[in-house]
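Take a look at these structures.
Note that chain A is present in both complexes that follow, paired respectively with chain B and with chain C.
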Partner chain A sequence: MSTAAIAIPTRAARRPWPWARAAKGAIGVLLLLVAWQVSVPLVGLNSYFYPAPSDVVAAFADLIRKGILPVYLADSLLRYLAGLTAGAVLGISLGVLIGLHRRVSLALSPLLRFMFAIVEVAWIPIFVVWFGYGLKTIILALVYVVFFPVLYNTLLGVRTAPQLLVNAVRSLGASRLQVLRLVILPAALPGIITGLRVGAGFAFRGLVFAEIIAAKTGIGYLIFEGTQTQQTARTIVGMIVMGLLWLGMDQFYLRPLERATVQRWGLLVEAEQRT
Partner chain B sequence: MTQSRAAEGYVLGTVPFLLLVAGWAVLPHVLQYPQYMLPPIGVVLDFARESIADGSLLLNVLASLARLAIGFVIGMALAVPLGLAIALNRHIADLFRPVLSFLQAIAGIAWVPLTIIWFGIGNGSVIFVIANTIFFASLYNTVVGVQSIPVPLYRAVRSHGGRGFALLTNLILPGALVQILLGIRTSMAYGWRALVASEMIAGTSGLGYMTMEAVQWQRTEVIILGMIIIGLLWVIMDRTIFTPIERRTVGRWGLLQR
Partner chain C sequence: MLRVPAIATLVIAAILLIHWLTAWAGAHHKLEAVDPLPEGRANYRITLDFPPERFHQLLLQDKGRLVGVRGNVVDMMDVEPGALRDIAGWYWVTSVARWSGS
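On to the complex of A and B.
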């Protein structure tokens, strides 16, 4: 291995400094913005069809000044968190239940698989009929979309819980609840987190769609409303805020969470090997 | 032993479906639900028979599937070359990564309002959104696919004099293919949602259009039939196309990943 590394430098060794990568990335972003600005007079359409970056900046300042954007952002985030939490709690509970009881699993799997196939998007029309345009419809759609990935990944995690550890803990006199808390849940945790991350991705798009259909505030509504009222620059502000929001959440919340649980899991595997 | 277990699974698995149908048959009468909230099963079946007989259901299904297929082909055709370029050239990767990860974050349904302005309501908007969704999902898979090719294989091909085009066709494309094929299922899961969602907002036909349109006329039987068809179609596509692709890919090339 070491001789090979001398013969052909590994990719890691050739990696430039991080700031050089960041600088190149910034150039890429800048190039895109310049190309966009330059193309506006070339395309020659009015700003309703093709707003310039300067229009978007103006619309952004306007939305901030009128206090619209902060309110919309807060509304979207609240809906997202509420849906995500409720969906995750449901998914984890049912996942543990199904994972531990073979018969419940046999009974529910086909129905769940079919319900999973009816994507949350397809439920929105009937939610609208049942609950009207508004918060209930949006939250339900989010719960629905988060529930399944969390459920399936929890299930996977529960089933990989080492039987040896379960037996060991039980033979030391642990109650069923203690087995759940000490062995099953820690073993399932990485699966749960993976499920959450997948669910969070689908739910984010689900949120925007649900807001386009059923809301009067929020980032999704901003994106939709902009084109309805011939303020296309507002639509683009909405899209940019949406993108930055997701990148921020992924970078500062979901990825660290995943890393932290993988480390925890690593410890568990070590413990298993030591036994 | 295994046979009786499978039989047990079938029996147990049908129970919740039966309960669901039974509840659907009884509860609306007991709770005095108005028909627009939850129509009786008979009404949905009647509508199913009607729409199959006059061919409108088939037309909507075919319209949706055709858009999905076209969007998929466009998205893949753009994603694979760019993905290869990004995976193979560090400068291109560094230059494009922030822009692409930003665009990936807004890929899909958020584009619908803009595409309605640009292409109007109809095929153009829907196909753009699907292609856009598939593109970003597949791009990621292509890059990961190339990067997951074991370095010793590169060295083996290089030491036998393989470079340039030969390296591409003998190692990189087949190596990346595993991940690209495995990623199709996830891409399509996003693409399918994007299809239904964009048809609801910007469609003039298709399953999404059919279900959303029915909200205005309070024809809940149309919505329910639409949902069932959307679920069934996904199950069928998954069973007959995506899962076999996944299985064969892992079966044939699974070793390569290790």
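On to the complex of A and C.
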């Protein structure tokens, strides 16, 4: 095992002040908004084709005032969390199973590779036929989207668990379950978290697709409904809310979780520097 | 190490609690107009701050029989007391009042 690849993050490097980083990011957003607002009279199209930022802000306030956005947001979040949880549980379980048992791997790998190639959008119409419009179809679509990145990253984590440690624990008389609990799962954890982060990102895309096709509420439906009712500003509100949701989820939950896991179990210095 | 997710969860929980308390207080205030609530189903006139959109009509249909919409006013029949409390809890509902049904 190379010692160069493993390093305990002991350095006390000066980190940039978080608010300073946020302020720099805000400047970019502000510049984009100014450019957008200035371009509206130059383009000369009506607000249906090219709404100004002020129209979008007004649409946002209107959606809040009318109670539409909070309900859509809550519905989308509940669906998202349910799909993410179910997909993650399924992906981790099967990933560990395939990683540990060669026969299971041989039996399932071709099927999984085949299914991986079929995007979730292709499945949604079939889900609608089987389960109708609504929650079941949306959650199934999300499970499908989350499942594969979590599965493959878990599999990678399980297969790259240090054999030296597995042998060492076995030689001390550990059972298969103890090897799994004490060596393999901790070694796979950074991979699982990375898969979860990738899956969580994909799940937002899946959510939009599923809500456009199979829902009557939700942020994805808002994006679709906005264009149907010629309220393009509402569509843009939906897009911005979806982006902000992902940023919040990543910044406040997934990144800290990944960092904590990598520090505790993975010890890769690059992972800390990257974030 | 996981301080950020904990703080974020607390903030979300606080927002939900404030929302719930505001809705509860708002419902209490709006229901004074129809106090005491009948035990069974009754007819009500629901006033909003704006003409209802499809979203509002669908929500109201879940709570009773929506029989008419005129401007900002929605007439509803066969509304249970529990459903009326839910309606009064929505911040976009301005007032609820008894309605004879004709």
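By definition in this document, the second predicted complex is superposed on the first by the 238 of 275 C-alpha atoms of A that agree within 3 Å, B and C clash if a C-alpha of one lies under 4 Å from a C-alpha of the other, contacts with A are read in each partner's own complex, and residues count from 1 in each chain.
In the analysis below, a residue touches a chain if its C-beta (ideal position, glycine included) is under 8 Å from a C-beta of that chain, and two chains touch if they have at least 3 such contacts.
What you are looking at is a predicted structure, and each value in this text was computed from that prediction instead of being measured.
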So, after the overlay on chain A, do chain B and chain C clash or fit? They fit
Exercise. So, A:128: does it touch chain B (first), chain C (second), both, or neither?
Worked result: first
*asked:* Contacts for A:256 in the overlay, against chain B (first) and chain C (second): which applies, first, second, both or neither?
replied: second
| Between chain B (first) and chain C (second), which does A:224 come into contact with in this model arrangement: first, second, both, or neither? | first
Answer with first, second, both or neither: which of chain B and chain C does A:216 touch in the superposed model? second
If we overlay the two complexes on their shared chain A, which of chain B and chain C does A:66 touch? Say first, second, both or neither.
second
Per residue count on chain A, the busier partner among chain B and chain C is B
Taking the superposition as given, does A:150 touch the first partner, chain B, the second, chain C, both, or neither?
neither
Go through the superposed model and pick first if A:247 touches only chain B, second if only chain C, both, or neither. first
Report task. Answer with first, second, both or neither: which of chain B and chain C does A:202 touch in the superposed model? Result -> first
When the two complexes are superposed, chain B comes to within a least CA distance of chain C, in Å, of 19
Overlap of the chain B and chain C interfaces on chain A comprises residues none
Counting only contacts in the complex, chain B reaches chain A at residues 8-9, 12-17, 20, 36-37, 91, 94-99, 101-103, 105-106, 108-114, 116-118, 151, 155, 190, 192-193, 196-197, 200-201, 207-208, 211-212, 214-215, 218, 220, 223-224, 226-228, 230-232, 234-235, 238
In their shared complex, chain A is touched by residues of chain C numbered 1-5, 7-8, 19, 49-50, 53, 55-56, 58-59, 90-92
The chain A residues in contact with chain C across the complex are 65-68, 70-71, 216-217, 248, 251-253, 256-257, 259-260, 263-264
Per the touch rule above, chain A residues touching chain B in the complex are 4, 8, 10-11, 20-21, 24-29, 31-32, 48-49, 103, 106-111, 113-115, 117-126, 128-130, 202, 205-206, 208-209, 212-213, 220, 223-224, 226-228, 232, 235-236, 238-240, 242-244, 246-247, 250
